[in-house]
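What follows is a pair of complexes built around chain A, which joins chain B in one and chain C in the other.
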Partner chain A sequence: MRIEKIANRQLWFLLFLMRSTIILAYLPVLTSADALQDAWISAIVTLFGSQIFILLIALLATKFPDKTIIQYSQLLLGYWPGKLFSLVFLWLFLQLSVVDIRIYSEVLITGFLPHTPIIFITGIMVFAATVCVQQGIEVLGRIADVLFILFVFMLVGVVLVPLGEFDIHNLQPVFVRGWGPVLRGALTPVALISQAWVLGILTPATLSPKKVIKTAMTAEGASLAILILVAIITIGVLSPQEGARATFPLLTLIRSVQITYFLQRMEVLVIFSWGFGLFISVSTFLYSGAKGFSQWLKIEDYRILLWPMAVIWVFMAVGGFKDIFALNEFFQPAIFAPYGLALLIFPLALLWLAYLLRNTTGRSKGD
Partner chain B sequence: MYKKILVLLVFFALLSLCGCWDRLEPERRAIVIGGGFDYNPERELYQVIFQIVSPLIRQGQNAGGNEKPNYWTVSAWGHSLYDALANMSKKVSRRISFSHAQLYVFSERMARTKGVLPVVNAVARSRESRRIIILAVAKDNLEQMLTVNLPIESSNVMGLTNQIYLTMEEMGGTAVEDTRDFFTKLVQPGIEPHVVGLELSDKKNNSGEDKTDPGIEPPIRIIGKYFFKDDRLIGLLNDRETRGSNWIIGNVRAGTLVVKYPGEQDVLVDVLISRGSSQIKPVIREGQPLIKLKIKVSGHIVNITGESGLKEESVVTKSLNQRVSQVVRNDIELALKKTQSNQCDIFGFGFAFYRLMYKEWLEMEDNWDEIFANLPVELTIEADIKNMGLVNKGPDIR
Partner chain C sequence: MKCLEFFKKILTKKEGKEQRVVNSLEDLNISEREDFVKQMKLGPGLSDNLQKITDIFGNSFDLNIRKIKIGTQQIDAALVFLVGVSDPVAVEKILRDLQISLLELQLNDEADLLIETITRQALNNKTVVVSAQFSEILKKTTTGSAALFIEGYSRAIICETRGYETRNIQEPEAEISIRGPRDGFVENVFTNSSLLRQRIRIPHLWLQKFEMGSLTKINVAIAYIKGLASEELIDEVKSRIERIDVDSILESGYIQEYISDEAMSVFPLIKRTERPDKVVFGLLEGKVAILTGGTPFVLILPATFEDFLKAPDDYYETFPIGSFIRLLRYIAYPISIFLPGIYVGIIEFHPELIPIDLLLRIAATREGVPFPVIVEAFLMAFLFEVLREAGIRLPKAIGSAISIVGALILGEAAIDAGLASPPMIVIVALTAIASFTTPDFAFGIAARILRFVFLFLGGSIGLFGIQFGILILLIHLCALRSFGQPYFQPFGPLVLQDMKDSIARFPWWSLIFRSKLVGGREPQRQKKGQKPRPPVKRKGE
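Entry: the complex of A and B
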């Protein structure tokens, strides 16, 4: 079988788009807790918090440059424990992308297509992603190349359009309520970094796996710089309380401004860039899930798993959450943060421990 | 074979891709450009009035003396806003769409007794209307205000919107507050919202100078701004008080001030303001809160009604600057007096404490209204007249 590879640049784009999309969708630093005008400080905390996790995940991935996380967890933990353990990652890929899809569908339904059945929207989105993944990771990488430019272009628009209405007073008083609100605001977005486990699948598919650490950390840094910027602008324009109240702050933000009488209704910038990012993120998760599962089952080609998985994806997205209240509930710091952090810290600790033990004890045995 | 099927599929896709699921053709929509809201406290009913643009009028047709108006104003009552809307749908032949609404006018009765939150919250929640809608309060007959013909305007809501913007831009005489501004002031501590006030000028009631508009008089007049406590209206600032309040928040971008020429009895100087800015600084002095207000005004002379003139820096220019700042000071004092007696902080003095002196604010927060009522304000006004137009003195009449 031909070995498919993507450039590290393309991995950078994939990670950047995935991470930025969910940030743009929910602005969790502002909406998930009570950080209010200090949400941008939460974003900075998020930046540092996620860099640590990214470093640990990527470092582990580069120790096994030709193996996926499914393979090396079996190597590290033993055959059956490793196999059971790697189901965690497959579940994670499934769940995170399902949440992504559901949020975007909710936006379309709330904001634009109130009568469309949700299964139609999710179905179309997953269908597009499945077709893309069927063509292979190289195609996905190239699409990321194209969409990245459009995404950045639109993002610049999103940031520039409301700038005229920006009021610095809304950002004051700065940091008067101490660390509590700031850290609470950072919990959910840091927990969302569990997305980065896709590195475990994607690293062997890159041209130079050794450079993945740099790739991943700069991509993360760039997308979080955007988070900081968007948080500042949203708070400055909408006021912190109104931003925190909005279901989709960025959408509300862009709907609340007009440059002139003729230049209003700029939602297209938000919705399109979001849609592009979502497409990339769903495709990446789908690829990671299918690839991982095929290795779990020891199947040569992941493509035969793709369509059945796509169907599961769609039904999970539609049936997984009853309504938007259930979705918001899921993102509460009290629920999502322990869950996401557990999925981050527990596997990391286990794998690193196994790796370190194996390196120290394994050598002495003359492995 | 495979390719042929694919091509066929693409063609079929074209058939199904001709529109979105929820598409609604423009000819089936009734496009609302503005609305009015009233509330009857005795019967607990809401009234909604919407102005819908007529699609039957084409550009230029009106000039030919067409009798059909360009808009249709329709109203309905109901127990809630959407109930009233449902009642209205029975009278309208098309789907009512709010995505182009520009101006919402509340009756003073509704703003006083019920508050405007029922409506602005619907704006925030709705997927159609936006927070760029301008809010206004009508002093009297709301229905008549939305149906009356404005001279030289094809639709009175669009005319009114322009009128509000223009009054703000040219005179600093009102408040262009859209729903986003309103919400910001509603939710931030230590600042209260205010919106523009409108009045239907009635020929019969007018007396004195107002009456003598030649020809048709402009039927709707901007009378200043209404100030709110939370979402309830509590009072009105008249023209001068409104300008004073706009000086305080640094919102005057233009405007005409009339001052006497120093040393001459009946010579007046018209000064056109070109810039105004303000700086609100909260201070605690000897345990008491205090606001230091610094205002900068600059402008130019557009007319001097007599022979006098001025060319270089002199006692006269200094005295003129002083007179300008005195006019501004008077306006500001009027505005402060009115708002302080109503305990309504529309200037954001409390917000300034909240922003810059958070600890002190926490102690004052609960009884800020009383503190505001007696809050001393230290005024510093710097006026500067920058130039005097194309001639530098009056004609030498011989």
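Entry: the complex of A and C
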């Protein structure tokens, strides 16, 4: 079988699209906690917090440039413990993408296609992603190339359109309530960095795995710069209270403005770019999940796992949450932050510890 | 005939119980005839040989056997040629040479000497071959050569006298450019190769001939610039062509279908053209061209998505003009695919996206139309496709009738009769005009097929369906390859360097490098820094 590789540029686009999509959709700094007008400071905190985690994840991945996280966790922790432990990642890929799909489906159902059953929309999104992953990671990389350009064009539109109604007073007073709300606002977005575990699967598929640290950190930095920008604009145009109340602040933002009489409904732009981004993140998660699971089962080709997995994902997305409020609940810092951070910190600590221990013992043996 | 004994044996072996009676050549099937001819050899008797020739050709009216006596000893001989594919002047010259020049030479009876004298001294054709194989003689005769049989010799002399009517070089009607060369390929491989040679005047333009089709035996040539086209590509093309084993090749389209990477895609993966300048442009990019006898259409491969949206004018006009018309095409092509689908999707599912005044107007015009929008759209789009297909095959004199029927009767009357609404007519017309901008016919048809798919998606799930369709289309485009090259480059994979000559065309002096992935063995096309500048200092200043 041909070895499929993607360029580091394509990995950059994949990560950027994945991370920006959740921001476009959810703007968690604003909606998840009570940071209000200081949400953009939360975004800056998120930027720094996430860079640390990304660095740790990417650094670990580059230590094993030809192995996926499923393989090197077995190497580091031992066969059975590693095998059990790597199930955590597979679960993570599944759950994160299921949440993504569900949110998008909810938006479409509430806003655009009220009579369509949710399973239909979920099914179609997962179907598109499955077809894509079936074609291989190379095709996914190329689509990321194309969609990145479209995405950036749409994003520029989304950011520029509301600028006319920007009100600086909405951002004031700055930082009056101290660190508490700011940090609470940053909790959920930082916990969402657990998405970056896909690096553990994607790094061996890149052309130069050694450069993945730079790729991942710049991609993450760029997407969080957009988070900061979007947060500032959303708060400035809507009031912080209104923004925090909204389920999907960016949609509310775009709906609230009207450039000319003719261009009334710009939210189609958001929906389309969100859809494209979602497609990329679902495909990436599906690839990571299928690839990881195939290695877990020691199967040569991940493709035979795809369709059964896709079916499971559709039913998880439909049945996993009762409604949009259950989702909202899930993203509250009190619930998601401990959960996400645990999925981030615990595996990181364990793997790094094992790695360092292995290295020191290995060295002492060598001496 | 003696040789038929040989065949009787083979046939009894082959068919086992059911024995076929083979008494003469006429009882043989076509492939058996071919095999039979292959193992036939000339005998010494002239009349025997001539009889075999007439048996095989079956007294075809264009078969001409001119009996003559040659040399001082007045030996019986016959010149066999086909009228129509051989040049009458050349044939007459051979006859004159044989009857007059030969008399002036001293001839011996020894076989080799006579044939050698004739080939060396008497005849002065371009190529003269001596053969004892009927198959070779017949093959040459059918392509226009004349064969000389001499009494007492079991070999014949084949003289090249090829000469037949071909179409003159004209401007191709289907690929018109405002600025650019006016010549086009014709149905003859040799003429076509000469058109390439006129433009690439180096010996490194290699043309390799194949013969294809067990019955048609048509000439197929692959052309490339040695040292520029990558060797893997050339080998791949050769191996794919050699794999073809069919009875007939009537058009390069046959070959295209046999060697294409993906058989099921609506997008053409190989470009075909009648214009020599397009082929030369491809060859200079390191691509390979396939010239096929009997058709003016030459294949260029590998081809990428953007190749099909390029027209020669883009390069011949200055770059702002070239870029503008290129950009127009890049906008028009998606319109020709998506517009009806998006319109139907919005009207049926998301009318709130349209400003209220416009929506009211559209709703007012749709008053009285009995169908849902989707049916209306399908009807009009289908009608347009039928009209277009009807217009292509009509004689030119009746062509105008189609436009009257189409425009006046169907367009006006459909609205008056309440079968369609004016906005729908506008949308279908706009789509049609946009689709006319596609420079490549087959590529345009891909858009026409996809239009119906997107119409269906837009009509059944609205804009979400369109988005789904776009994603699936993207997956398909990104997964396609043409002879190993990603089809959707330079967009996916993103190749920034090639973006200079995709949506826009940058000035020639900035296009330093050939296409990165196709670009062959020598990526640099020209020297850097050739941007024209005003002279720094004039003389006398």
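In the analysis below, the second predicted complex is superposed on the first by the 366 of 367 C-alpha atoms of A that agree within 3 Å, B and C clash if a C-alpha of one lies under 4 Å from a C-alpha of the other, contacts with A are read in each partner's own complex, and residues count from 1 in each chain.
Here is the rule we use: a contact is a pair of C-beta atoms (placed from the backbone, for glycine too) under 8 Å apart; a residue touches a chain by one contact, two chains touch by 3 or more.
Since the model is a prediction, treat every value here as computed from it, not as a measurement.
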{"item": "Which superposed partner A:Val257 touches (first chain B, second chain C, both, neither)", "value": "first"}
{"item": "Contacts of A:Phe112 with chain B and chain C, given as first, second, both or neither", "value": "both"}
{"item": "Touched partner set for A:Gly200, first chain B, second chain C, both or neither", "value": "neither"}
{"item": "A:Val139 touches, of chain B and chain C: first, second, both or neither?", "value": "second"}
{"item": "First (chain B), second (chain C), both or neither touched by A:Pro347", "value": "neither"}
{"item": "First (chain B), second (chain C), both or neither touched by A:Leu238", "value": "first"}
{"item": "First, second, both or neither for A:Pro333, with chain B first and chain C second", "value": "neither"}
{"item": "Touching partner for A:Val131 - first (chain B), second (chain C), both, neither", "value": "second"}
{"item": "More chain A residues in contact [chain B versus chain C]", "value": "C"}
{"item": "Residues of chain A contacting chain B in one complex and chain C in the other", "value": "112-113, 116, 120, 264-265"}
{"item": "Sites on chain A touched by chain B in the complex", "value": "110-116, 120, 165, 167, 169-170, 172-173, 176, 237-239, 241-242, 252, 255-258, 264-265"}
{"item": "Residues of chain A that touch chain C when the two form their complex", "value": "7, 9-10, 108, 112-113, 116, 120-121, 124-125, 128, 131-132, 135-136, 139, 141-149, 261-262, 264-265, 268, 271-272, 275-276, 279"}
{"item": "Chain A partner contacts - residues on chain C that touch it in the complex", "value": "349-350, 352-353, 355, 461-464, 467-468, 471-472, 474-475, 478-479, 486, 488, 491-494"}
{"item": "Chain A-touching residues of chain B, taken from the complex the two chains share", "value": "20-22, 124, 127, 130-132, 179-180, 183-184, 187-188, 348, 351, 354-356, 358-359"}
